[in-house]
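Several structures are given next for inspection.
Paired with chain B in one complex and with chain C in the other, chain A is shared by the two complexes that follow.
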Partner chain A sequence: MLVTTFAGLTPGVFYGIIGILLTLMSQLTRTVNFSQMAVGMFGGYVGMTMIQKLKVDMWLAAFVGLIIAAALSGIIGWIIATWLPNAQIATRSAVTVAALLLIVSVSSVLFGANHSNFKPLLQTNVAEIPVAGVKLFVSQNLVVLLLFALVIIIGSSLLLKRTMFGVRLRAISDRQAAAELIGVNVKVLNVGVWVVSGALISIAISFMPNTISNDYISFSLLVIAGSAAALVGSFKNLWLALLGGVIIGVLQGFVASLPAFAAYKEWVTFILILVFLLWNQRKEVWDVAR
Partner chain B sequence: MSLVLNDVTVSRGVGPVISNVTLEIKPGEITTLVGPNGAGKTSLIESIAGVIIPSAGSVVMNDVDITKFSKRKRARSGLAIVEQGRMIFPSLTVRENLQLTARTKADFDEAMALFPELEKRINNNTVLLSGGEQQMVVLARAFASKPKYLLLDEMSLGLAPVVFMRLLPVIEGIAKSGVGVLLVEQFAHLALGIASDAMVVTSGRVSYHGSPKKLTSDAELMRKSYMGE
Partner chain C sequence: MSPANSTKNQAAAKSSQPGVRSFIKPTFIHSPWAPAILGVAFVIVAILIGLLLGTVTDFGYTRMAQILIMMVLLLGLGVVTGTAGMIALCQLSFAAAGALVVEYMSLYHIGDYFGQWSFFFYMICGALVAMVMGLIVGLPALRLRGVNLAVVTLSLAFVFDITIVGIGFPAQKTGTFIERPFGIDGSNDAPALGATALVILVIAAAIAVGIVYLQRSRWGSSWKMVAFSERGTASAGMNVQVAKLSAFIVSAGAGGLAGGLFEMIFRQGVTTVYGPYASLVIYVLAAVVGSYLVDMAFFGGILSVIIPFILTRLSWPLYIGDMLFGVLGIQALTTGSNLGEDIRRGIRKRGRAAKLEAIADIPREAGKIASVPIPQGTGKPLLVVTDLGVQFGAVSANSHVNVTVTEGTILGLIGPNGAGKSTFIDAVTGFLPQHTGTVAIDGLVIDKRSPSFIARNGVRRTYQQDRVPSTLTVGAYVRFVTGGKATRAEIDEVLDFFECPTYYSPLSLVDVGTKRLIEVAAGVAAKPKVLLLDEPAAGLDHEQHIAFGERLRQVPTKYGVTLLIIEHDLDLVRSVCSEITVLNFGEVLASGSQEAVLSNPEVLKAYMGETELL
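Moving on to the complex of A and B:
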């Protein structure tokens, strides 16, 4: 039980990274990016196909996957920035749902049924911690993902606070129309954020543990676990988004270790989303009552 | 060399809200434009700023036709707009607001010098500032871009007259430095006091154009400019 629960940490950090990216995207581009995982998935599958069919080195394949994910994400961002620059967040997000569905269906045509052996770049464990008679394995992937999450959180906060580039991004986030009027290149910056988010998710996917199911659809729908994580941080706090991801991963690991409930592992995400929505609702009712 | 609107018509939903307006803003001078609520003053400014493209007529800045320019390109060519409402970037500090438009340290310092009282607030988020201070930030930010022309849309809205009077000499100073200013205002007497040219817009048309002194001394004309016909 302890082993499985602990093993949930790696997918948990992965969900956390999705949550962090969703939070940044919603703040900087006013979009809940449901295509976040799908673009990464697409890049990942192109990379995997290159490894299998062309016997390309896996690091090179991962790099090509990254470029493709970044480009795809940039295209979606460009479409939204061009045709829906002033639309409500719901409309903008709807475009990403459409993109998600399109990417999944194109994938099934391009890659056929070839989707069972998606592997992370690193395969070994860095440490084995003996606890209460069992061994907990710390994989290289866990270490890399955790460091990556920290790099994104700390890096983005430094970028936003300390550079003019970041100041412009925050200005757009505050008042897009006013930023445009003073000469900020809103569209280029917006699309840039999309490109970077595609590249970042692609890096995370390269180290995604293979315990996470990875057919096109489940893979793309990991964005739901990511949204639940982002919800824990109210789509504002990156640290809480990471924590939310870890909670989901560990809870899933724990549930999977209970024979009677193992089949309901995926429900953890939905229950967490529900609890958080109800909790927020309760707070709002409380605020109104006062 | 001036900013010219030639026979501009602006349409919005129902129909024209600005009809065949011609005006000229000269460098170093303040043109004050007054008119009742809904007369089309904001629409006029927005057509110069590129927020709406006129359905007829042209906007020419220093002999360059900018009618079809993007908002960004207009800003780059020397047009600065202070929109209606307090258009600060609330989560940015005073310093960051000015850094957005200042191209050099000298431009930044010169803009900060307009309002020495902002100095002690420089690292505060602008959302924490008073309404008057926020307008100071917006005006300083516009000036930091070293504009050739500055359009000000009802900066006084929601400010006490005494606070607005703090802004007026600064606007005058900006004009003296060579910037052409279009001042759209409801505090007509105060705004006309610093103007060298005055216009009244009612129902989308210019109903008076001439000396500010003549306008302020004509009670009937002033009443119309507040209330409309």
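Moving on to the complex of A and C:
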């Protein structure tokens, strides 16, 4: 039980990273990006096809995957920034739902029934911790993912709070029209955020434990666990998003260790979403304009 | 300028001419029987086509049934995504729930009280279960704004699919099939499939007609309203969550019924049909065609069956169809348009020019509006606001504001921009629950109450910004705002009094100034105790202004509605208000009779110092 629960930590941190990226996207581009995982998935399958067909090096394939994911994400961002610059968050997010469908169906056509799991870039364990008679394995991937999450959180906080560039980014998310009037190139910045988020998710996927994915749609729908994590931080707090992801991963690991409930471990995410929506809804918010 | 805009402007120009009302004659479509008659006609035509096609092509009855089932799914989804403007991504989970219930009840003979008709009882139970699911999921997701519903429905679609795959459909697991209704035999021969398709046709048509009636009802108006403005919905006395939740539950119910129809034709549930991917496809398809429109839901059904049919014939991957939907979906969602609206616009563009000419203009009889003096009221304090304070961070938007509105009068609330006038109205009508002080209407304390409660209890308001959705007709909007309490004759009378466009005129053809008049007319028709008007005359020209003032003076006696009016135009204030309260920097600068306030040196100073405001 302890082993499986602890093993949930790695996917948990991974969910946390998705949650962090969703939070950043929602803050900076006013979009809940349902295609967040799908772009990374697409890049990943391009990379894997290269490994299988062209026998290229794993790291090169991961890099190409990153470029593809970043570009794809940028295209979606560009479409939204061009045609829906002032639309409500729900309208903008709806586009990413269609993008999710498009990416999954294109993957199905391009890569066929290739449902083999991605292999993480790193395979070995860093440490073994003996606890209560069992050994808990700390994989390199866990360490890398955790460091990566911390880098994103601390890096983005420093960027947004301490630099002029960060001020511009916050300006476009708060009052886009006002930012435009004082000469900030809103569209380029917006698309930039999309490109970076595509690249970051691609990096995270490269270190993702190979236990979580199987097919295009399930893989892309890891965005659900990510959005549950983001909800823990109310789509505002990056640390809570990471914590939320870890909670989901560990709880899922725990439920998976109970034979009677193992098949229902995904309900953890769903129930967590319901609980946090109930928690968040204490404060009713009206639209600003009157 | 696009032709659509120019026709709109033509119409706008027409309706803003003094003494002229645009008038749209009611046609067959407006009659209450129209949806039912069209539904029956559709069934008859479909049967005839079915009889013809069933014998000449292999595009058989099963596909016909599939088209109709997809139509029901799309139409239900259209209510929540198209009409109410939310993202719901679990339509097929509701169908799965409906199918599961029907299959269990049928296989284990639970509730077969109705003989040949029991199948429909199962279907209703299935729909109810789906609706309960919708309630559980929708309740937490719909209170807050934003995309929570999308997150939670996508999650539901995912876990529900995994669970159903895990437990499996009972018939499939045991290798049995359920019975069809009316003793239709279970074979896949043409007569049996034909009879089943016929039953599905009648049910699907009944569901479609039912949804059309719902769309036309006050509920339908509330869904369109909530998609456009939550504040506007609440101010009309409709609880925003109830409006959203009802749309979502109707959609879930339609999904559940569709699941039952699947069972009727296939007699066995298949888990692969109901996955989250399928729900995504149907959401995007609904957005592409505009499936809140019945014809487009039907068209969507045809697309979803014909495209895979063609792809199979060509031996191409089926996913190409979904790629197509994905591309069209991005296009539709970024342009905020859909096939149904595009087609309608195209048809209208052709017919519009002629139709505009055909719109009869009713010339106003000069001097029809009797000139009455400024109403002096009964002397009874009606709306009493005591020590009202609103704090936005460090900014004090209202502090220690005392205002008493006397029954039967028109109180003017004036002051420079940023004086806190609209904040005052927001606080009184419940949009700023953090305010301090008390608000009472006719003795009933209403502070800390929800906006919809306050609206239902006699304090209504209008807005500076456009809160009148162009998806409704003038009449449907007024009927919605009045809570269905005003009769048709009363609505027509109020619209006539304020020289608004007539009942069936679409609001999409109405200019902003006239929309504001309609908003005021609707507020008056709702017969609140007090109506708070936030700059109602902005956007009207000089002559309309004067006529508007004449009408406002009649409102307290004619309709029994006391008014509070925020207005920058002092001519209008002078012509209608017996009493005036002046706000400056969030505080009451002066208050009292019109003459006293307007000659008050402090008031003059506040105004003269900022002449641009006048």
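The definition used in the following text is that the second predicted complex is superposed on the first by the 281 of 290 C-alpha atoms of A that agree within 3 Å, B and C clash if a C-alpha of one lies under 4 Å from a C-alpha of the other, contacts with A are read in each partner's own complex, and residues count from 1 in each chain.
Methods note: a residue touches a chain if its C-beta (ideal position, glycine included) is under 8 Å from a C-beta of that chain, and two chains touch if they have at least 3 such contacts.
The structure displayed is predicted, hence computed values, not measured ones.
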Which partner chains sit in contact with A:K236 here, chain B, chain C, both or neither? Use first/second/both/neither. neither
More chain A residues in contact - chain B or chain C: C
Contacts of A:K135 with chain B and chain C, given as first, second, both or neither: neither
Figure out whether A:R162 sits in contact with chain B (first) or chain C (second), or with both, or with neither. neither
A:A228 in the overlay: touching chain B, chain C, both, or neither? Say first, second, both or neither. second
For chain A, what residues appear in both contact lists, the one with chain B and the one with chain C? none
Chain C residues within the chain A interface of the complex: 85-87, 89, 136-137, 140-141, 143-148, 150-152, 154-156, 158-159, 162-163, 166, 229-231, 275-277, 280-281, 283-284, 287, 317, 319-320, 322-323, 325-327, 329-330, 332-336, 422, 426, 431, 433, 463-465, 534
So in the complex, the part of chain A that touches chain C is made up of which residues? 32, 34, 79-80, 83-84, 87, 89-91, 93-95, 97-106, 108-109, 217, 221, 223-224, 227-228, 231, 263-264, 266-267, 269-270, 273-274, 277-278, 280-281, 284-287, 289-290
Under the definition above, what is the set of chain B residues touching chain A in their complex? 49, 51, 71-72, 75-76, 80-81, 83, 87, 89-92, 96, 99-101, 141-142, 145
In their complex, what parts of chain A are in touch with chain B? 164, 167-168, 170-171, 173-175, 177-186
